[in-house]
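What follows is chain A paired twice: with chain B in the first complex and chain C in the second.
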Partner chain A sequence: MIAPIKPDLVTVNVDGREIAVPKGTNMIEAARLAGVDVPHFCYHPKLTVSGNCRMCLVETGVPAVDPATKAPVIDPGTGRQKINWSPRPAIACATNASPGLHIRTTTPLVKDCREGVMEFLLVNHPLDCPICDQAGECKLQEQATGYGRGTSRYIEEKNVKPKRTQLGSRVTLDDERCILCSRCIRFCREIAHDDVLGFVDRGSHSTLTCYPGRSLENNYSLNTVDICPVGALTSTDFRFKMRVWFLKQTDSIDTESSAGVNTVVWSREGVIHRITPRRNDEVNDTWMADSGRIAYKAVRSEGRLTAARVAGRDGSTGEALAAAAELFREGGVAVVGSGRSSVEEQFLTRRLAESLKARAWLVSRVGQSDKLLVSADRNPNVRGALVTGLVGELPQKTLGELSAAIDSGAVRTVVSVGEDLLCAGISLVQLGRVKVVYLGTHRDATSEAARIVLPALTVFEKAGSFVNQQFRIQKFAAAVPGPAGVQDDLETLSALIRAAGGPDLPSAVGPLWAVMAPQVPALGAVQHGTIPATGLLLDSSPWAGLPFVEGESLHHKPAR
Partner chain B sequence: MAVKILRQKPLSLAEKVYLPQVVAGMRITLKHMFARAQTLQYPEQRPEIPPGYRGVPTLVKDPNGREKCVSCQLCEFVCPPKAIRITPGSVPEGSGRDHVEKAPKAFDIDMLRCIYCGLCQEVCPEEAIFLQNQFSMSGYSRSEMVNDKGRLYEAGGTLPDRHFKWDKKRAAEEAHSPHA
Partner chain C sequence: MPAERRIIFEHIDQPGYTPDLDCYVRHGGYAALRKAVACKPEDLVSEVKRSGLRGRGGAGFPCGVKWTLLDRRSGKPIYLIVNADESEPGTFKDRYIIHQDPHQLIEGIMITCFANTVKQAYIYIRGEFPEGAKILERAIAEARAAGLAGPNILGTGYSCEIYVHRGAGAYICGEETGLIESLEGKRPYPRIKPPYFPAVLGLYQCPTIVNNVETLCHVKHIVSMGGDAFARIGTPNNTGTRIFCVSGQVQRPGTYEFEVGKITMGQLLYEVCGGPLPGRKFKAVIPGGSSAKVLRFGEHYKGKRRAGAEMVDYDWALEDVPLDFDSLALVGSMGGSGGVIVMDDSASMVEALGNLNAFYAHESCGQCTPCREGSLWMKRITARMVSGEGRAEDGELLKSVADQIAGRTICAFGEACAWPTQSFVQKFAAEFRGYPEARKSAGPSAAPLV
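Our next item is the complex of A and B:
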């Protein structure tokens, strides 16, 4: 591997502490590296600097040099180079690190600046925290507590501005809460490339609004809610659903496409309330598409399979597995794996196919790429199937060979791991001709036609890992427990392997990895526990020649 | 171990006949028979509840009959025995109170869990929950002991309001009639 080129480092001094930071780092980030918090509202690490909230004011100073000789001026008192402190504070977000730059964040001047800025921001803020969804994760609340003066001197009337404005179908705006930081405007302009938001009117009447006749409808609109430091922009879906302090956060991966967007699933007592992006500078920065945020609704939707079925009747999992073993003994089995299964499940699917001496198939799902975070491949884990050796080539949209084998009578039983065979080019007539063993989360045409149905878990109810379009393996954890009576997919798969006369493989992620990693060359010495939170790039060279469907998107350039 | 033998003091005549003690006892009995009663004929008679008493928690309305709770769920958060359970909801459009935006869809207090600590009253930013005078609760089943929103408002009634915060908010909105 080629070592990354070391960026130019410059040494700056934050509150008396020297720290080397890459050239061009702004002083908020430099202070963050030095462990000093510089409060800010409008600055966002992934957007341009606008410098309008003034919260990040700090004192700056540069080492003194003699104007004529350019020789350092030494302070006789300390014996060190004198620092020329600027008489006025500067905003840290727009001050880039330069050699020897000094900043002070704890002086009385900086404290006064912050108190003043907070006081002006709160002048027209409605303080309706009890009904505000942002309460608990509100920068204004946090910084009023941390840096405000504590009491209000304001006795005049507060401004009245539009409330409950629908900016788009997913975003609600409360203009009174807005502190005019312009993060949402910059996001729409720079990231979503849908420049619909802007400020109108002047002074304290400034109002965030949509361009007349337009609305905030792009598929990234909910990111404006995430980056809004106050409760001005709120999610219409999450509005008044639950206070954030009750919610448990679980790291997960978005399954809508092979982009592998890192997410946080917010749940309370086994009920998921929302999904937000998790920062990963190598994959999704701090963004995610709106379409991925409603994925949790499948967990409690109609038609969820919660019990095993044998020949159209509810039965126990044990009965279903016994019936499957019976079918497997008759032979003529084909296995349809899934690009939506985790790496662990795909490995077990491969072992199941091996035990049955059957061929494994994969179904592709291809959509339109938005060149940002929804890639063309709508299967999150096709590369996992390649890595684990489940399949050797890219999946097809329809399983032509399989349907031919069904017609010829060579295949009499099909094991489908979560794939609706009707969507994969198998006709209802053909479905009637074979006996289907189906592992699925929801009722569909295949589950209706299947001889044996084994209920499965959604991605929010199990742990595992996915390999995204960059060949980055990323792990996800179980956010909520599955429905009563539904066992883990790994358990079901390893039971199916035993039913097929195969070996007894572990059904928990950790022990399974100990078995899987030595059999999967690309994983090498990786263990599930050692995959970092930001994922791990795997060696993709064995599959370099494959014509993957993804085009260029954020942080991904196809090899071709 | 040395043993010391104590001789019992012989009883006096008065002690032997026992009458003075009986008379003294009867005097006390007679005094209480005609003095003011110290006990109450509960449950027909009820004690006077001192101000600041922490009885059964209730939800109150303001003098205009507006439901004060905005379902901020702070009481649910602070409640040590987790007796409170709120399902937040929005105020329906056109109800005349839509400027408040938020109101509880359901509000349950499990009185089998409640420890009458009063933290919910203390934390409420809208002064909507009060521990009032009701001190006894009984029921035949567990579900009967869970006060739902209707029972909480019935028990709470109306309390005086010093702020009329939301009425002021609407007055300001109307006075400035949405700018532009």
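Our next item is the complex of A and C:
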């Protein structure tokens, strides 16, 4: 691991507490480091400072120096350097840490500023929180409670603005709720590089809208919903479906590419309602693509495999495993692993191949990189397959050698861990010639042709880890239970290993790691329990020479 | 009666004086530019500093100091922006200069550009001045053809282009950083200072001077007469002449040019402008454009002020207040843009404030919460009072809303929209308290407010 570069530190003073922060840190972040919350709406740590909401007004002061001699002026009362406090409050978001800078956040002036801003933000706000979809995760609601006066002096008519503008196919806008913080505008301009949002009209009549003839269609549009501090921008998919306080949050990883975007899966009573990004400053900041947010729909989609099948008939898992054991004894087996399997599954797949003395293959999925958070490698875990030793080289789009081995009769049985072989260049004729043992979540050509089908779980129903394009190992947890009767993939794989005459390996993540880590050099001393929520970089040097398909993207510079 | 001292307005309204180049040159025009290009640029800057010229746009910032704040080491081009947005209500001097004597402005611009090694200057003229823009375009073409602007000015090898850019009708475009955003083609949202001081990060993130039309005209005269001579006009720290734009309920409204500080409010309104209309008495005056705090007739101001090196006592009635930057600041208002708005005893202060509040609510850019919401709220309160639905406590509410705006926004619009309300309510508290009752007995309002 490379030691982080130590930034220049400066000492600032927040409400009397001295704290050393990197030079240039803005005072909202500096206060946060000092344990002081400075309320704000328009400031977002990953966007440029706009300074418009005025909620983060604080008092600032600088150490007094004699103008002539530049010597510090000492306050005789305290014996310390005198502080020249500015009579005018300043916004903490646009005030950067400089040596000796003092801020006060608890004075009557600051309290009055916050009460004033809160009152202003609410005078034209609908105040219909009980029917607003943002209730429960609304910054306006929270800060009105925390910093507002609690009563209103406003008796005039409120502004009337458009209530449900479709900004794009996935985002709906209620302009009356908008507090004009411009976070969404800045996001589109600065992060998504799709400058489509802006304000029209002026003053309190300012209205958020798309540029004429344009709409908010980029694959990151739903991030505007995430960062909207109020109920103005809502997800057309999620709005008015569920109250957020009923939802359970589970940390997960987006599987749409090797970027390894950190996510939160929101579920209630075993049903997933939405996926949002989880902040990881080394991977995805606070963003994720829209395409990754609908992945949960596969959980309850048509064609889900929920029962084991043997030779076209439903059967028990036991029957299926016994039938597999019989096939394995006939020899001539090949194993097709998956870049979508977890590290743990890939390790067991490798052990299965070893037990069968079979060669293991991997199928690639390559698309266009969007240079942001959808990388060219659409498998989330090709590096996991390298790290665990499942394969030694990068996967190919089609399994040409396997195809030849099937034609020559050398391979008579194929175990596929979640890969539709038809998509991997194996023809229907070839599928008819071999006996397939298929672990899969959904019905496809391979499940139809398979001799033995073992139902598997989606990423939302199981736990494990993936290694992303940076060689960062990241954990995910089970958000919802799998369909009744479907056992965990690790259990199925370890049962298949036993069926192949291999050892009895643990089928729970924790105990499995105790066995796996010593056999996987890149994991070294890593223990599953100690991987932080933001992941851990592994030593990638053994694979430095491989021609990985990913290009440059957010927080990823390929080594060339 | 103090005599007018017409320097900027020397030829304004003179019979036979036309805005073309020939006429200007016949009257001695461009002699100052010829003199300037023979000087070293830094000497011109020190000349302007010595003159003590303060900006005539509103803030009264020393012009020479502004120029020396320019970041000259960045290697980036330096721009000059001429603020001809003249949008402060009550102000109508720059338009006279542009319409009747455009070459005076162009000469001031060229000298300023030469002094600051500027290669491109922009005249940002308010959208409501289409004729002014045409006149300026014509004048620039004439100056270019005569080698007084554009390439190789007066054969010196120095080149500088002037472009006219029309605004689209927004008060906020008079705020220098809002103006810069607008000139860059964006919404005129004023920028956060620091870091976006125009002298360092102005137009296209380059060092930029933003000067008012009248200020730049003064530069021409400073070069003609010398900085020290200019500094002897007016009073110390308030040098030169300035143009007062008198409007409202007074016998002879109009533009008048006087030495700064050499005339009092009383002299201006009673002697120069002929006093109140028949049968009326003066009630209040806004001395420096609509955002300046209102002054009430009958008020007295006492304290100590600096006169040269020493401090002296002052005890002024409103009529005694000298019209200079420092004295008007002492009495709690400002010289601002020189727009003197007069109200007599027939004016309702509630209705007058309602008019101003309607203006500011319409002109708030909408960027900062306090100004955006507060200006409209204040407008709605005064509009409700005028419509007959007022409450005795509305004055206090107005003041409290204004107090939550001033000093808490990105640009000075926060103060501009809060100061009228703060001062009207504070100085006419009884009128605001009594207005709702009085309004009820008066019957329907004659003319609805804007």
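Here is the rule we go by: the second predicted complex is superposed on the first by the 558 of 560 C-alpha atoms of A that agree within 3 Å, B and C clash if a C-alpha of one lies under 4 Å from a C-alpha of the other, contacts with A are read in each partner's own complex, and residues count from 1 in each chain.
Note that in this section a contact is a pair of C-beta atoms (placed from the backbone, for glycine too) under 8 Å apart; a residue touches a chain by one contact, two chains touch by 3 or more.
If you're wondering where the values come from, they're calculated on a predicted model, not measured in any experiment.
Clash-free side-by-side placement of chain B and chain C is the outcome of superposition onto chain A. In the superposition on chain A, A:314 contacts neither chain B nor chain C. Residue contacts after overlaying the shared chain place A:242 against chain B, while chain C stays out of touching range.
Judged by the touch definition given at the top, the superposed model places A:37 against neither chain B nor chain C.
With both structures placed on the common chain, the touch criterion links A:161 to chain B but leaves chain C unconnected. Chain A is touched at more residues by one of its partners, and among chain B and chain C that partner is C.
Legend: residue contacts after superposition of the two complexes on their common chain; A:131 is shown touching chain B, with no touch to chain C. In the superposition on chain A, A:326 makes contact with neither chain B nor chain C.
In the superposed model, A:75 lies in contact with neither chain B nor chain C. Of the two partner chains, chain C is the only one that A:179 touches; chain B does not reach it.
After overlaying the two complexes on the shared chain, residue contacts for A:205 are found with chain B and with chain C alike. After superposing the two complexes on chain A, the angle subtended at the C-alpha centre of chain A by the centres of chain B and chain C comes to 90 degrees, rounded to the nearest 10. Chain B and chain C never share a C-alpha pair closer than 15 Å once the two structures are laid over each other. Chain A uses residues 157, 159, 201, 205 to touch chain B in one structure and chain C in the other. Of all residues in chain A, those touching chain C in their complex are 49, 51-55, 57, 88-89, 91, 94, 112-113, 116-117, 119-121, 123-124, 153-154, 156-157, 159, 179-180, 198-199, 201-206. Of all the residues in chain C, the ones that touch chain A in their complex are 170, 172, 187, 189, 192, 194, 361-370, 372-377, 380-381, 384, 397, 400, 404-405, 407-410. Considering their complex, residues 126, 129-131, 135, 157-164, 201, 205, 207, 239-243, 245-246 of chain A touch chain B.
Of all residues in chain B, only 70-74, 76-77, 88-90, 98-102, 125-126, 169, 172-173, 175-176, 178-180 touch chain A in the complex they form.
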